[in-house]
Amino acid sequence: MKGFGSDNHSGIHPVMLQAMIDGNSDHVPSYGTDRYSEKTAVQFQDLFASPVDTYFVYNGTAANVLSLQAAMERFESVLCSDVSHLHIDECGAPEFFAGKIQTLPSKNGKIIFSEIEKYLIRKGDQHYSQPRVISITQPTELGTCYSLDEIQEISLLAKKHGLFLHIDGARISNAIHYLNTTFKTMVTDKGVDIVSFGGTKNGFAFGEAVVILNKELKKDFKFIRKQAAQLPSKSRFIAQQFSAYLKDETYLKIAAHSLKMAELLHHELAKVCLLTDLIKITQPRQSNAVFAILPKKMIKALRENFFFYVWNESTTECRLMTSWDTKPEEVHEFILQLKNLI
Amino acid sequence: MKGFGSDNHSGIHPVMLQAMIDGNSDHVPSYGTDRYSEKTAVQFQDLFASPVDTYFVYNGTAANVLSLQAAMERFESVLCSDVSHLHIDECGAPEFFAGKIQTLPSKNGKIIFSEIEKYLIRKGDQHYSQPRVISITQPTELGTCYSLDEIQEISLLAKKHGLFLHIDGARISNAIHYLNTTFKTMVTDKGVDIVSFGGTKNGFAFGEAVVILNKELKKDFKFIRKQAAQLPSKSRFIAQQFSAYLKDETYLKIAAHSLKMAELLHHELAKVCLLTDLIKITQPRQSNAVFAILPKKMIKALRENFFFYVWNESTTECRLMTSWDTKPEEVHEFILQLKNLI
Amino acid sequence: MKGFGSDNHSGIHPVMLQAMIDGNSDHVPSYGTDRYSEKTAVQFQDLFASPVDTYFVYNGTAANVLSLQAAMERFESVLCSDVSHLHIDECGAPEFFAGKIQTLPSKNGKIIFSEIEKYLIRKGDQHYSQPRVISITQPTELGTCYSLDEIQEISLLAKKHGLFLHIDGARISNAIHYLNTTFKTMVTDKGVDIVSFGGTKNGFAFGEAVVILNKELKKDFKFIRKQAAQLPSKSRFIAQQFSAYLKDETYLKIAAHSLKMAELLHHELAKVCLLTDLIKITQPRQSNAVFAILPKKMIKALRENFFFYVWNESTTECRLMTSWDTKPEEVHEFILQLKNLI
Amino acid sequence: MKGFGSDNHSGIHPVMLQAMIDGNSDHVPSYGTDRYSEKTAVQFQDLFASPVDTYFVYNGTAANVLSLQAAMERFESVLCSDVSHLHIDECGAPEFFAGKIQTLPSKNGKIIFSEIEKYLIRKGDQHYSQPRVISITQPTELGTCYSLDEIQEISLLAKKHGLFLHIDGARISNAIHYLNTTFKTMVTDKGVDIVSFGGTKNGFAFGEAVVILNKELKKDFKFIRKQAAQLPSKSRFIAQQFSAYLKDETYLKIAAHSLKMAELLHHELAKVCLLTDLIKITQPRQSNAVFAILPKKMIKALRENFFFYVWNESTTECRLMTSWDTKPEEVHEFILQLKNLI
């Protein structure tokens, strides 16, 4: 019986595992110059409908902080939400690799748009670390998605002020599926400059990609990556996983399943909410997570069979996350056990 | 037909691939708290006959620079050989993560012992970055091994001066096999403080381990690793590879094969040297590499079928490296083609 | 006619200038080993009634960031107010030298005490940059002072959680005077660990001191300072200024004058407020600054003769700062011109 | 009786002291926007016969490391001599602020020109930290000067390979005097990109300047300086010292005196050498320092009255350094005491 802890508690998706095995033949050059890496780079260009540069790195922290390092000087700042992974869960990695973090107030995980310009008024003042990047998470840490219009709006503001726009996309395919859109529409056409493109949480053994859309940012990336200890030697194994993930819209199929399971969980949980005031759904469901307040006693009992995280210790808001391998019967069993606790 | 470019041009060894597949079941906690990681940690303690702490990271650069970061303040220095990977091939990663590099003269890739103390005379002088770590590579970049006595000698000097001793062991199992010794004897008993324990070059898809023997160094390592973007989320897949590698002396079997192939290559090449003055073996063969001067013309012709690196452009000294999957017939074919070029 | 821009718009106080001249004889060793530096170090020990270690640095930014660097690892965090100089006006220097900044909500420039513990709940979690230092500014950027009880309360909380307490004391003598206390009572007895002790804003040509009260923090400070490019070669000239500043309670006399001028300004401004609703005093006056909302039109007119800063562009809250050399007639003339603008 | 320890053992030259006093009037804006700083900036442009940008910093370490930070990315390298202050005496500051140091072999303190290109062959290789700056010291740590032709040669090589050329000029005026040249000829016309222009060792209380000749390097310097804690608040006092130093060729007069004293010392010492084989002059005298091997016994006795540094503990090579305030009678007395020890 699997839990709802995180999509990185799952293993390797069979398609990606097979891709690694298929790439496991003979000798190929290391450090990204192999034929697998080259082929996958073209697939990314097709996906974004743009001559993007793609660099593989090992994990999501790396994809994020190296994206930032490429986009800002270390005396500059990145604007991000006050609940962003960058600020809360990276143990100071952005400050170590890139520069200063300036947190902005948020609602349902999304930066409040009208707050952004307040941080841009001290332009040119040498005492004030100058904002250079806006980083948004799509979907957010609270399972919500910026709409296409919201991304457009932020992007235009960024351009107006000479800032770069970064997407932390550890689960970006889920947003593509939820918004029923494409990478071209949501990213390329909106003028996003650089993307952390997630693999691990979507069925990979390991591996993420930094996708650079803005040519200004790519000049030195290979040196940045190497110095940061993120140049994979047997890069073919990340390349092969991404190749399989992008081929035949596998990324959409995996996203579709995860979101369907979250939808089922949300639907069933909403029905439970009708039975008791003790349980409350707290965030709009727009990805593969459901957030709900559960009573402490129930949390304890439920976690004996289904692991999940308490997101906010003071409100006991919990995060229930589905994965590529979540099964409907697991959702139903969880709901059943929950009902028995009322 | 495989070349002699590097042992990281090879793919995943079947034993390690199977181990990954075996670990690919259901959900387990991420970030190193899974049962696979815990089991493998015990195997490392058995291997070193010591209550070592083991931390998985993604690659060799990371294992090296995080070992150093754990052992030194950023205003301090690491002493290493002037041909060390740390100084030559890490694009400034040690300076970025850890601190200053002070290079020492070397012979056949090994630090010249009598030179070390010259760098220790300005103790306490605030203007002089204080040496805190000696880092040796075992086997070295030139395929040679420090003897057990040499390691002992360096370790005693390090302790005398309050320095830590680090081993860059990207291919450390090869040295264990060559010296016909054990990790206990070569590392633990010699008082080595911290080791970069290689996986990738020995048949892994990816993954290395930082093995901390000195308790003083482990206090904050988990934070250092996380901030450095080296905390693997699905850590079970590195753990499983190491578990299989250490089990039933797989590491020795792999090393034995690589070294046997290098021995064959060395033996056959020595015979060719008797036929012509144009080819010269340049380094003692003590690991899975053979170094030899080849004429430019031959290099060009040979590399059409067998890739290998020219180590020194001015002397045309070349590095021929064998791997876990090198076959005798590949060595013989290479020698045959070489002979045809004389 | 001098303005109310900042106390660092003023020049060198005659007492400190004479001290520099008195120290300008013959040759003395450089880098802090001269007799002047040694003598002044003893004066600091007397001032704090404690065997403190004192290190001279060039400016306030350096005193702050090197204090933090001494107290925290770079993967750790400092907690400070959201209006602190550290966060707002140091162009990312704390992140560059020390580590992550975690801002806390504030009132009148002071950290809201009840908020602190919320940032301490993820203790030991490798994903969350662990708080290690609380930094308070005394007096604050808004000219207010923490009371002795408030400092005690914060210090006890810090100790309870294993955190260090730092005071950014660019104008710390002003707080001593306002609270009618001593450095022993306000700092030493409260268990403060490290202090940035200001010189420049109190009549020096240049120079600040890092005063280390907690022995744990001093181990490597001389190397930290040197690597940070803050080791003064002709340190006697900072030493001599501090020596004169501490001798015969000069620091209190200078503080007394500045605060008296601010009191006069506050008193006169309060009278003007009775005449019009357009002007409002916004912060308690507890140091050498008066904060007030002035109408835009008046600001423009007044600044033709008296420079001062608009602190908040949206509310037009202004900061009027007095200095060691502010004269009563300058205050009166300013008030007169202000009245004429009503 | 003054020693020959260092030119930073001396105090403030009367001309610079008077300049500080003259600037000590009333209030002026801080952080470099005062009229004194603006005037001095123009003097620098006149001196270099070029629209240079000048930024004041506190000390020589800062001038050096911020020059490098402006010229290189942190994954790049600076090439400098193996006896350079940057490598030997900055406690890792260049690695902390700027990037990697690659040391080159030297003779009499000067980089051996023919060695430089060896470090430039791995252009574009992501594993090899790419050289971006050549830094020379003029005069060198061993009191020698690069000739105008040598600077030209290095500069052309730098340009050919896309590198910047930096001069560590803590005593640069001494080189100008020794070579009987001008800043225009030695620096501007040779295509030097950025200079650390020394003040402290030439009679200042404190203060150095970074002079940027290459427009490419100046874009962000004000932010680099601020984040590095090197933005002087009362900048007028550095500005005034430089203004006086540059006015009426004061810099040449001070250099002339120091070098004349070194010449006298060299001349007298050469005569002593004729009397004994135990004393040997070891470096050409081309600045304000004389290097000589003295027997250990003599060193001990001499240092009772005249402090100086033993440069090389194993050879007992000593550095005797003159200053703006060295008197002929001090030289004669030193020689007399030396003779008495033979």
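Annotations for the structure displayed:
Order of writing sets the labels: A, B, C and D. Residues in every chain begin at 1.
Throughout what follows, a contact is a pair of C-beta atoms (placed from the backbone, for glycine too) under 8 Å apart; a residue touches a chain by one contact, two chains touch by 3 or more.
All figures in this text were calculated on a predicted structure; none of them were measured in a lab.
Listed here as common contacts of chain A and chain B: C, D. For the pairs B-C and B-D, the larger set of C-beta contacts lies at B-D.
Of all chains, the one whose Cα centroid sits at the greatest distance from that of chain D is A. Separating the CA-averaged centres of chain B and chain D is a span of 42 Å. Per-chain Cα centroids separate chain C from chain D by 34 Å.
Between chain B and chain C the centroid-to-centroid distance comes to 51 Å (mean Cα coordinates, whole Å).
Among the residues of chain A, those touching two or more other chains are numbered 74-76, 90-92, 96, 126-127, 129, 223, 226-227, 231.
By the touch rule above, chain D contacts chain C in their complex via residues 2-3, 5-6, 8-12, 17, 20-21, 23-30, 58-62, 65, 90-93, 96-97, 200-201, 205-206, 223, 226-234, 236-237, 307, 323, 325. Considering their complex, residues 74-77, 88-92, 95-96, 99-101, 103, 121, 126-129, 313 of chain C touch chain A.
Within the complex formed with chain B, the chain C residues making contact are 31, 73-76, 126-127, 129-130, 220, 222-227, 231.
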